[in-house]
Amino acid sequence: MKLVIEDDYAALSRTTAAVLAGAMLQDRRVNLSITAGATPAGTYRLLAPLLAARPADLDNVHFYSFDEIPNGTDRGVTRTSLDQQIFGPAGIDETRIHALTLDNADRIRADLRDHGGLDLMLMGLGADCHFCGNMPGTTRYDADIYLYEVHPGLPWYHLIEDIDPAPTRVVTFGFPMVLRARQAVLIVSGAAKAEALAEILTGPIGADRPGTILRTHPNLLLIADRDAAALIEPDGAGSWRRR
Amino acid sequence: MKLVIEDDYAALSRTTAAVLAGAMLQDRRVNLSITAGATPAGTYRLLAPLLAARPADLDNVHFYSFDEIPNGTDRGVTRTSLDQQIFGPAGIDETRIHALTLDNADRIRADLRDHGGLDLMLMGLGADCHFCGNMPGTTRYDADIYLYEVHPGLPWYHLIEDIDPAPTRVVTFGFPMVLRARQAVLIVSGAAKAEALAEILTGPIGADRPGTILRTHPNLLLIADRDAAALIEPDGAGSWRRR
Amino acid sequence: MKLVIEDDYAALSRTTAAVLAGAMLQDRRVNLSITAGATPAGTYRLLAPLLAARPADLDNVHFYSFDEIPNGTDRGVTRTSLDQQIFGPAGIDETRIHALTLDNADRIRADLRDHGGLDLMLMGLGADCHFCGNMPGTTRYDADIYLYEVHPGLPWYHLIEDIDPAPTRVVTFGFPMVLRARQAVLIVSGAAKAEALAEILTGPIGADRPGTILRTHPNLLLIADRDAAALIEPDGAGSWRRR
Amino acid sequence: MKLVIEDDYAALSRTTAAVLAGAMLQDRRVNLSITAGATPAGTYRLLAPLLAARPADLDNVHFYSFDEIPNGTDRGVTRTSLDQQIFGPAGIDETRIHALTLDNADRIRADLRDHGGLDLMLMGLGADCHFCGNMPGTTRYDADIYLYEVHPGLPWYHLIEDIDPAPTRVVTFGFPMVLRARQAVLIVSGAAKAEALAEILTGPIGADRPGTILRTHPNLLLIADRDAAALIEPDGAGSWRRR
């Protein structure tokens, strides 16, 4: 694991955009799986105009979504968000977008296997330590892609309670899929994530705080801002401890 | 995971030797971590004379041991066994042997990180699902290299009870280290391992049967003979189930 | 470059088969480009029954031919030979055979780029130092895949003069395509190839002896038997010189 | 080859810095070989403060110089320039700088081989198509690292004529070493380089215009600004032609 602490969200966004640009600028097909949501918004605002300005330069880059929450339309919550945040503004051609749905896990799995695998996954971290759709109470560490039922009794149901019609199932990449990515990048911003980040770095691994497993990835890059990193410090032996 | 079922132990040994030979014959430094014990004996009988006959051809290959059980001599149980089984007969130069000890974890970790990482790990599987020194009751899934105390109360203590003087601590690579190997190869032979193999393939992941985690490795090759594979069958969907 | 010298053709074939087996036994798609002809015949006799016995185990392996000499049928000389030597006996499914033809270079190039690239190329060496269809007098070092006209005035025309109807054009992978393979394996057997091997190792690089360029490949494995290696010896500095 | 055309030198520098940052931010040792000179100056001005601000974050990055022109001091022209442009301002520790000299080619070759090889080479392009120290009239395409004599009769001697005392020999990585880098990055800025860039992309490969060979690299990223790209245009088939 490599942890980089940036001064603020703007610096975090610049570094993340640089890492993505470096990953894309290869003379071969590149497969990325990238997160929707608030944390990457700054990164995508930097990247989208660059991508839009040079469609031919980056036609080697394919995008895979790593979870989906159906919302009664033909595009679920994740895909709709990615469309608005990056695929639309960047002008990514539909043929290079591979959206996960409730019923295409076999196809996505085979497609990635057949096209060189994931080069990089960009993920956010929940305040409850979730990553992708791996949530406390529903996480399975053994499944590469899996579905689960959602219902109001889940501790994190408030995160999806405004979706109308209410979703009944969610699909997500599990940790074995993250392991297959040559690089895993986790971006964490803001004081509200400080406890989760400390847990990721120092807590016991357990599916009730799903992201704790991420630190076993062979090539994890963690980009945090100072607020998110407020509860940790170097332990003097190359690792991190709680302050 | 790729599972190859060979007719018998001789065929398993030939295939394993071929995989190791292919991994070694590269024009760059190659780092291997290989198991001692009964299962690889046939493989090493095939490989040792080939290695001994061509010292210059394979001076790019370095060997790392992945566990150690001190036995009161300057070389512990694992290193002594590897010396007898392969390092001695193959004539491997001492400068290319990097033995794990109770007190050199930091150095081994840094050494691998600095020299390109592990290309391949060859492991056996215990009837209790242990791999390397990751044993039921003492396994930590979060530690890349770790020490633990051993005492007669451990369920598997009989495996080491004949060592004199009795070991008090064991050191081993944990699963995060296996994840860093570009290929993990697990060899399983004989009816006594059939239940363990079935568990590895189909059981829930849990540190009480440590090897269950191995199936999340991004590039696991499992080589079994028919006796070891007696309790499983293809599930028709690209995976395996209990018969 | 790594050069391995085997006692005889049988040993060369065993080592080559081991290298190919190791390359195939991965839990991901593997793309191979393999040669037809006399030199690999022993290798294929070892491999074909293994492949035929386990169709499901190796359905991750795809085969690309690297040259073609049209002969008036729907399958040219190279493809026909590969069918007889390996694809037929090994029972390789047609969907995993990607044959080069006079008019599909763009498709093959895109297909490889889109599916992770070549893992390994297995090539033979001509007594005139040709490799693939890169022949003295017609070799272009700058083209990844190229066509050229053939006619009786070419110095090596005797190699194809028995083909009826006489070919007028040949297509081949050039050296840039070989460079894209993660490992290049060149097998050389018999006294008739000894001069060519010495030239490959010690002569100036030039398109009139096309294979001389191969030694610049970043990961070249050269497997020769003693007869083929009769004119060279180690130079004491990690390389080779003429005896 | 992937060619990216940026609006101006500032944009070229930003993209190049992003590519370098992405390459460095890995959780493993990273080996870079980077150029001195005018073209990377903007890149280094962006990178140096970032590197200086976070010494611990990038202690996995090692630097290799790819040529040297002795100037009678203990540090030659290349090393002195790199010290001033990047190693000094970025605060790179001496233990992570591996400078090429007239007499350490064997050590550098072995060192790279033993530490995972080059991840990325950043090179400039001369108006005479030279790259690294591979100059018209003295370039050897077959040598991984080589020395040559310099004298006033060389066509490019004016480039070094101000060095006092006058150098008599130069050492450089050759193209086989560039081939071993996982990614080759060539940066080209300004109208004075437009003819050289057009030659690189469209001219015949030949040691009299050394850089023409670069387009055979399996993963070449070419970053040019509009002025440097003034003489070329897309050919409509995925490649480039002269306007």
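The chains carry the letters A, B, C and D, assigned in the order they are written, with residues numbered from 1 in each.
The rule is short, and it goes like this: a contact is a pair of C-beta atoms (placed from the backbone, for glycine too) under 8 Å apart; a residue touches a chain by one contact, two chains touch by 3 or more.
Chain labels with UniProt names: A, B, C, D = Glucosamine-6-phosphate deaminase.
Remember, predicted model here, so these are calculated numbers, not experimental data.
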(request) Sort out for me whether B-C or A-B is joined by the greater number of C-beta contact pairs. (result) B-C
(message) Please identify which of C-D, A-C or A-D repeats the interface of B-D; the criterion is that more than half of the contact pairs agree.
(response) A-C
(request) Would you kindly tell me how far, in whole Å, the mean C-alpha position of chain C lies from that of chain A? (result) 42
(message) Need the CA-centroid distance for the pair chain B / chain C, whole Å please.
(response) 35
(request) With chain centres taken as the means of their Cα atoms, state the distance from chain A to chain B in Å. (result) 33
(request) Name the residues of chain C that each touch 2 or more other chains. (result) 28, 60, 218
(message) Going by the contact rule set out above, which residues of chain B touch chain D in the complex?
(response) 28-29, 60, 113-117
(request) Report the residues of chain A in contact with chain D in the complex, numbered from low to high. (result) 1-2, 4, 15, 17-23, 25-28, 54, 56-57, 60, 183, 218-221, 234
(request) Would you mind writing out the residues of chain D in touch with chain C in their complex? (result) 141-142, 175-176, 179-180, 204-205, 212, 215-218
